[in-house]
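The chains carry the letters A, B and C, assigned in the order they are written, with residues numbered from 1 in each.
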């Protein structure tokens, strides 16, 4: 993969984010590389504790004490976000990169109407607004109505004056997406946008994101634990385990022919109607604690294919065109 | 069955540490609270070992020492550190013995009130229905009563005496823990582990005492400690009005009242017992705030 | 149920309803505001045969958890009957019901909320033994507890630990051990894997199917996840706004759904197997508020096939195949929901 590709919107290199706890230093994200191209949808898959949310929280500059970014570069359109002042970072956050949270109810301000929250973003980030106060206010209102309409909320004019609690879960998720999209960001990071939602509503929200991506030409990072969602909506997928990327590549190939034993295990764990009567093969054991990890493959204790060669730090190995996996057995000659 | 590899519980460091010990740990980390707790402890030790600690008999009068000033003032004597009252009794010894009354009544009232409050609160919160309606109405009515005025009325009716003071304060004091327990019970009874116990066929008594109570005890303990300070002030107020324990038993409120007449020529007679009340109440309040912070999970991590 | 089951059902539910009322306050009475009612479960009937796994699927707020709890009388049913092994459970006295609970158990969704944080694993799992007098001595109780704890894949060394010392998957195993220790015949599994990560979810599903086979259990398995239901249940009931809209053998219902709601539910599930190839039925709008359910067929506000009659008249359940029933006015027109353009 060409790292200096002009096509690359976001480039994360060697990101390491740690949290200081009483028990020791938890390395939540350890040496993660990510590249998001313009206009693509990247799926990020992993279980809780895999570091998928922390990785993109770090990109957004949202890591707070006791956590901190320990190492790595975060390049957005070539600018290193870690070198920016908090003020400059605020300008990028919201305007160029927007993020939606899993829990729309707590992420929205309960004391402000939906219209006020949309207006706040538009006010701060929209340079095309007219100068006069009245004209400006009218323009903001029109844009807010337009945004709510875009995310499929019926009668947006009246609903603008309502508070978050007056909306259903699916509607709130749409509102959060509307707020995120209000500044026409180049990159939308959607953190588990549908986990709290029912399947029929999930389908609506995911299709909404896909439609808007096509319309605005933005890039989307879809963080999820659901491989089915990735299979249907993402161009590329990145699988994370215990703070590391263990596999990445085009979605169809990764899901069709997984290379890393963890990816295989995840796919094998999904119960399906088609598998009735057959045994499913759960990955046994649990995710290791991310404190003082030994220098060995992090999946070692749960891996069905492990061998002595796995007892060393494993680097990403090439696994075909545009594909990589962190498994030594793909390329036994390489020693990191 | 193929034993699934379930690793040993994660995080050995926290595994060994019980929730309670973690609470104590963070309580100790708060120095002001710890200092206050030590002050409270000293008061308690002083009360328990009063006969050993007090330099004089608190009831021993000596008219030659009438209104003798504290030791550091002209006319003072080091063996009568804080001076003497109108009957020539040693103020320090009376304060030490007075701590017994304040702390005993404070602890007894809070203990009885908390026990009643827990039983009533659990019943109201868990059983709901008419039990809840009756208890909640009684609580509402009692909350409308002016606390001290009714206590004074009750004391006037029942006459003075240790037991009567305790009753006159408990009559309303139980309302506070009751409300806390009821609220916590309402929240806890909806949790799945309570539902699980019901699904297993556990009787109501088991659910209230074994499943709910242990989980709501922390806020109750914190509230009870804070209330102890209030009760000590109330007891002092009753004694001040002459409705508390009767002379010659030393009591802080009565001592303040005794000194009132001489406040201009012998300020120490009222002031030192007043300072003792202030010190103990302040220490209890600060210590209980620390206790609350330690028990409240929002202050962890 | 119109289809006669081959064996007598272990559990049968007839016309079960659960209505929650908001108590009328004095202010409501003075202003003449009527009492609000939520019909969480409305006239549900089905039977579960011994050794069967009955799946119960639906979206949040459809009443599936309430139904599970009403069957166990954890929430007292408003009307209807539940018969278990020939006994009318709904007619039992409180004491009789307590004894019956040994035979009917429940596994909860939230492995964190369902275990008392102040009690050890041994106390939690051993509770049913002491409640029902199933062990003569404390030593025997401990042996039984240890055996069941090992059966669910934990170690005896874990017995004296507290719930917060375990991970979500391990805690769910503790909850399962608690439900199984009294050797019940029937278990309501209320979304037992929804709160777990994918790999742990698979472990628990495997455990539940193994235990069912070994101990001869019967499950009512409640889930919002069609893949889980499709994998492990024998028959499935689909719920929408408190009513069962379709019921039948799981292969039939999931491969040939007849109710438009089941059809849209099936098409909404993202699958790894055939991405993008699936015709998608787009449901518009949200679930109506159960406080004010729509008249007629409750699904008509979101149904792409709704006609005039659906707005006025509630459909009744009809047999559409072997053991397969559905409640829809337009069943016999052999329609299927119009498909949207593939995304």
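Quick note on the criterion: a contact is a pair of C-beta atoms (placed from the backbone, for glycine too) under 8 Å apart; a residue touches a chain by one contact, two chains touch by 3 or more.
All of these numbers come straight from a predicted model, not from anything done at the bench.
Trainee: Determine, using the mean of C-alpha atoms as each chain's centre, which chain is farthest from chain C.
Mentor: The most remote chain is B.
Trainee: Where's the contact count highest, between which chains?
Mentor: Summing C-beta contacts for every pairing gives the maximum at A-C.
Trainee: For chain A and chain B, what's the span in angstrom between their mean Cα positions?
Mentor: Averaging C-alpha atoms per chain gives centres 53 Å apart.
Trainee: Taking each chain's centre as the mean position of its Cα atoms, how many Å separate chain B from chain C?
Mentor: Measuring from centre to centre gives 49 Å for this pair.
Trainee: Roughly how many whole angstrom separate the Cα centroids of chain A and chain C?
Mentor: 32
Trainee: Counting only residues that touch at least 2 other chains, which ones in chain A make the list?
Mentor: 282, 284, 286
Trainee: Residues touching two or more other chains, restricted to chain B: which are they?
Mentor: Correct list: 4, 6, 10, 14.
Trainee: Hunt down the residues of chain C that sit against at least two other chains at once, touch-wise.
Mentor: Correct list: 167, 169-170, 203.
Trainee: Which stretch or stretches of chain B touch chain C in the complex?
Mentor: 1, 3-4, 6, 8-10, 14-15, 18-19, 191-193, 195-203, 206, 210-211, 214-215
Trainee: Under the stated contact criterion, what part of chain C meets chain B in this complex?
Mentor: Chain C residues touching chain B: 69, 72, 74, 97-102, 105-106, 108-110, 113-119, 127-128, 131-132, 150-151, 153-155, 157-158, 161-162, 164-167, 169-170, 173, 175, 178, 182, 203, 207, 210, 214.
Trainee: How about chain A: which of its residues touch chain C in the complex?
Mentor: 47-48, 168-171, 198-204, 206-207, 210, 225-229, 231-233, 251-252, 255, 265-276, 279-284, 286-287
Trainee: In the complex of these two chains, what residues of chain C are touching chain A?
Mentor: Touch list, chain C to chain A: 59-60, 167, 169-170, 197-203, 205-206, 224, 226-228, 230-232, 250-251, 254-255, 264-265, 267-273, 275-276, 280, 282-284, 286-287, 343.
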